[in-house]
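To keep things clear, I will list the structure first and then write my remarks on it.
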Amino acid sequence: MTDAHCALDMKGITKTFPGVKALSNVNFSVKFGSVHAVVGENGAGKSTLMKVLNGSYPPTSGTIRVGGAEVRMRRPADAQALGVRMVHQEINLVPDLSVAENVYLGRMPGKWTLLRRREMVAKATAVLEELGAAINPRERLGNLSISQQQLVEIAKAYAADPRIIVLDEPTSSLSEHETAALFSILRKMRDDGIAIVYISHRLKEVLQIADEVTVLRDGSMIETRPIQGITAAEMISLMVGREVNNVFPKSPAAIGAPVLSVENISDGRHFRDVSFDVRAGEILGLTGLVGAGRTEVARAIFGLSQLTGGTVRLGGRKTAVRSPSDAVKAGIAYVPEDRKGDGIVPAMCVRENISLPILRQLSRLGRISHGADRALAGHYVSQFAISPPDGERRINLLSGGNQQKAVIAKWLAAKPSVLILDEPTRGVDVGAKAEIHNIIGQLVAEGMAVLMISSELPEVLGVCDRVVVMRDGHASVPLDRKALSEERIMALATGEEVA
Amino acid sequence: MKSGDRFTRGSKAVEALSKAGLLIAILAVVLYGSIANAAFFSTGNFLNVLTSMSIVGIVVVGMTFVLVVGGLADLSVPATIACGAILSLGLQPMIGPVPSFVVAVALAGAIGLLNGMLVGYFGVNPIIATLGVGTIGLGIVQAAVGGVIVYGTNPASAELVKGRLFGIPVVALIFAAIAIVGHFVLSRSFWGRWTLATGGNYSAAEASAVPVRAVKAGAFVITGLAAGISGGLLGLTLQSARPLVGTGYEFSAITAVVVGGVSIIGGFGSVPRAIAGLVFVQLLTNVMVLEGVRTPVQGFVLGTLIVCAVGMDAALRKRGGA
Amino acid sequence: MRYVSLALQYRVGIILGLTLIVSAMLVPGYVSATTLSLGLDRAATIGLIAIGLTVLLIAGQIDLSAGSVFALAGIVSIMLQPQLGILPAAAAGVVVGMVAGAINGALVVGLKVHSLVLTLATMLIFRSIAHWITDSQPVTGTDIMFSLALAQIYLDVFTVRSALFVAFILLLHFWLTRTIPGRNVFAVGSNAVAAEESGIASGRILFFGFVFAGTLAGLAGVLQSLVTNTGSPVFGSTLIVTVIAAVVVGGTRIEGGKGSALGTLGGVLTIGALTVAMEFQSVPAYVQQVVSGFILILLVVLDRTVNTRRKAAADRPAFVQGNPIKQGGSA
Amino acid sequence: KTVCYVNAADSHAYATPANEALQERAKELKIEILSLSQDFDVQKGTEQLNTCVARGVDGIILWPLDPQAYIPGLARAQQAEIPAILINSPMGEEAKPFVTSFTGPDVYEEGEMAADALNEALGGEGSVVIIAGQAGNGTTIGRVGGFEDRLKEISSGIEVLDTVNADFDQQKALVVSRDLITRFGDDLDGVYANDDTMARGFIDAWKEANPSKPTPPIVGINGQKDAFESIRTGEMHATIVQSPVEDGRLAIETMARILDGEEVKDRLPIPLTVVTKENVESVEPAF
């Protein structure tokens, strides 16, 4: 493989972490002027492979060639010197610097260490414009929304004129519009001869943009194929090693009385006059573009932020939820969107994470009952097939999907009557996604009321009974799913059509 | 589905080593001490060490909570100790020894509460908050007593504290009781689990219905109470108290906790670890004094030791995959 | 609302102004060239150390050993006077500060440990060395006349010390806001992992941050020892608390990522002005303590209330993050 | 007239009564006092001298904590023609040209007196330990230096086994004493503590270790009430009384005389009294 088109050639890459062999003997190569997709289940090792390429993790063994020459990547700076740029799965920016400074982080323009700020801002403006992002380059980065930060992350890699660019799930928090803008840039870069590695769980996007696709499973390379002649179903079966047919299982459940109703709630900042109700045995979808205010609605209902107006009723009774513990008492549970930040306590084991919200119930005279604690974790580890099936393992050593299952388990242990799920399948692979949908299906079958926030329209249409669309802090009335299509939701979300 | 054999338990050995490391170090000091100095290995000497470490040991128990909850350190300890010592002696003529002690500890707890409110509810950096509260507290204490020494007026209470029960000094028994309660709370109770969770990931704990603000504040209240008890006992044993009695106790306590391998970033640690750190530091100091090592050299050795302890801990933690 | 937030942004300046105005009205003889120049000279010692600490705090680190370095550097600059002569000995003292800073930096970066604990340890170590080499006795310089000359006031305002302080703080301001390494210091303090991922050698920045802080503490110590013609192992033992207070009052965030040189200037001057004013009124030391503790907490609480926005995932300060230095992300 | 008083600390067992006595006497003498507290920080004190000069006072009373460091400040005062005197502790020879007088007890002399007392109690020989104050502190240096020099001077057979720092802190003294007692056991014939507080710490440690044995001769300094009590019961051999009240008063009185244009002696000591069982009933404790 020494042909001139070969931008990147990784051979026999193995990477072990204490307790986990994340990659074993992976071969991976990418050509200049092509988009190479990498797919695989959660924890398959996609991000790890890219971090090895980026110099963030030194490989345990294996060789890397860039443009035909063997190189050693000891730190990210080495990779950057070779023209490798990476857009991380998790946003990895400096909140206290300006947008422009973030775009040029590590390579600000200047002479004799003197910074040329005006030049930097002008260049950043141009790059952001090209990406279709309306962001002021002088704004402090920490003040931006997650999706805007994601765009800055992309702009940062793009602005560096890379020879090889790696995008690790760049679209997970982008709207369709922003995704489209990104794709047109990617196509342009490809035509300029840049090698692009594209990681995504959204197989539809992969089919749209990629020229080749590599499938990873359990840390091993399974296959590399041209995109022509491969279907989503084939990719899925390669990823999970078996056939998965029903991507969005929807089990019918008997719908009962409203459990949670909110009337004209506002928080004075992110949303206003939002009203809806969630009924027993129902999945109510809450969708919209990124930044529409869905997460804030959920956090406010759960007591993580305060409402400034409106009423919340549970089982018909007016309730004031001021803190998450109020919410738990009232029977509300919330699975947050930022798993790493708000979902898990990384240094604790799975068992300790699961029992956290109901510790008091497990305790007598302040002492946690050891038996009850273990039993609870054991129950959920086996019910949700959390892998590895060991409640004593530290949760941050689990893959993303398994972490997510543990977070959901944590909340089911609290026996809520309303479960709020915020992007429960974001960044989760198809296999785990189906499992999570199954779990949700079972829950509503048992009569739970579920409020599910999701940006993925196929998921919303496949799973939810009714859907509320949010735009700019305002919510539509709940719409029956039979009356909905992706186009209709998009129209409501973008405001291009009066409902 | 996914096979479990990709997952090994590589971190166990490292974990065991990090636990055993301190015990080995303690044994080494004991061994060296016994060989080097005849007076070292004797009941009398060990009782001395035990008595000497009890007062600071009580603070160590509290400080462990502060470090574990992610509160960095409580620098207001000298003020709290002074408050405990001065009030428990100064109020004796008015309300009697036991009520004075209770009032002293309660007021120390109130200082802890103030720290806790600032750190937990206002989000002030713990270093700044406790530094500020400590400065203010010490200032008020000094203004209150005008610098003069406060003497005890109740010899019976002093005898009680200085006495022995079954041959063990009473202060050491009090310390042991507090350490056991502290250990139980941190490792077995829901409050302790909350403390670990809050230190481990504040937002996740908050989103798991842990009352994070209260838990964070609680760690400072616990330290305040502990320092108050410590100060009260100090006052009673010495039968005199000055505003500056507590100087240096905050550093001694932090040193012990850190040498014990409790993470200063929070989310990890236990009372026995911290106490093992304390025992090690105390025994080492004892050996050095018995050997006639000069004070500056002692400081040098102690400082070097902390560097080694935290360095080793960081190295082990990294290999343990934290 | 906009005025309020503007006022909060420049709160150090406002507090400093208020202090000066109130003092001028209440304290006779406060507004005079001598008072101000001597006040500035007093502030210079704290100020020089504060300059180094500002950089470190912005980078998300702290140096508790500055007081010990201050004493040690001063002692060396005095002890070597007979052998080297005054100025070379002074240079040697500054080098001692630099070396001490390098030790701190190498240990923090190399061992990847929290600087709070590490500099607590080196604080003990450097202080012990100071006692060791002097046998706990103060040492005296060779030429008292040099000290007297050094304490002279020039141009009615500046002493050598205060001129150095003002010059350095202006340079620091320029460096932090206008140069690439200066901006990188903010990047490292705000999110060390992201900085490292972007090819910024955060280890090197931290190392030189400590060297810089050590050098300035050394310089302050040498100047102090030259001015007093004395090197003492007990010098500077309570200094670091005041310095931290000054820097934090100046709006630098102790968790890293935020701060400014001019803020530090404001903080140092506020504390200096306040102290002089209270001393002019014979306010007892413990009341002074209460006042400065109160101002410290007030300003920090204000800072918190201004900056309480919803916490974003990336908005957590590096100082309390799991990996203050790069440890290569996590799963 | 206004006099600047740079004191050691506002809040301290000895300094506080001294400050108060000085203030009170000043009121009688119609002198306004500008009181600055060093809080035991030399560096602060050197700078406070500048404040005094800036304030343009008529005289300066300085409580030095270091034999040298204040000289430039004093020189500046001299340039401004402000007379300065020292209270409580003297400074080095080089400081002489800059100060008009030194009033107060001489810590060095106290060390000498303590040496004499202990020498006498032990009959000129034996092994002792010194429990010293803070390392590097002026009082500690004087009291230890005076003691050691005097022993040499009278060629006493007393051997100093060890000098340990307990920072004028009773608890620290208690802890180090425990170790000293373990270490030297029966070899310990006497103790010299730099102040009575630390002597108290030693006594407590001794009683813990040997509940029945009488204490060896202990000499302290300061003349605190509880030290007097200990001397009565025989737990302590001697202490040296220096009265803070006299200390403070003498300083301001001297300054008043200087302000009136009188000549004063360059050394005005306050009386130091060695208190033993013989005279314990006839002497007033210092505080």
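Should a chain be cited, it is by its letter among A, B, C and D, assigned in written order, with residues numbered from 1 in that chain.
Following the convention adopted for this analysis, contacts are C-beta pairs under 8 Å (C-beta built on N, C-alpha and C of every residue); 3 or more make two chains touch, one makes a residue touch a chain.
The UniProt protein names, listed by chain, are A = ATP-binding cassette domain-containing protein; B, C = ABC transporter permease.
Just so we're clear, the structure is a prediction, and the values are computed from it rather than from any experiment.
Path length between chain A and chain D in the touching-chain graph (shortest route): 2. The most distant chain from chain C (ABC transporter permease), with centres taken as the mean of CA atoms, is A.
One finds 34 Å separating the Cα centroids of chain B (ABC transporter permease) and chain D. Put simply, the C-alpha centre of chain A and that of chain C (ABC transporter permease) have 43 angstrom between them.
Counting only residues that touch two or more partner chains, chain C (ABC transporter permease) has 131, 136, 284-286, 322. Touching of two or more other chains is recorded for residues 9-11, 135, 165 of chain D. Within chain A, the positions touching two or more other chains are listed as 338, 341, 346, 397.
If the chains shown are joined wherever they touch, the resulting network has some other arrangement, not a path, ring, star or complete graph. Applying the touch definition to every pair of chains gives A-B, A-C, B-C, B-D, C-D. The touching residues of chain C (ABC transporter permease), when paired with chain B (ABC transporter permease) in their complex, are 62, 107, 111-114, 116-118, 120-125, 127-129, 131-132, 136, 241, 244-245, 248, 253-255, 284-290, 292-294, 296-297, 300-301, 304-305, 308, 311, 320-322, 324, 327. Residues of chain C (ABC transporter permease) that touch chain D in their complex: 29, 32, 34-35, 38-39, 41-42, 45, 131, 134, 136-138, 140, 144, 147-148, 150-151, 224, 227-230, 232-239, 276, 279-280, 282, 284-286.
Residues 1-4, 6-11, 14, 184-185, 188-191, 193-194, 196-197, 200-201, 203-211, 267-268, 319-322 of chain B (ABC transporter permease) are the ones touching chain A in the complex.
Chain A makes touch with chain C (ABC transporter permease) in their complex at residues 51, 54, 56-57, 75-77, 80-81, 86, 88, 90-97, 101, 105-108, 110, 113-115, 117, 141-143, 146, 149, 156, 305, 338, 340-341, 346, 396-400.
The residues of chain D lying in touch with chain B (ABC transporter permease) in their complex are 9-13, 15-17, 135, 162, 164-165, 169-171, 174-176, 178-180, 182-183, 185, 197, 200-201, 204, 208-209, 224-226, 287.
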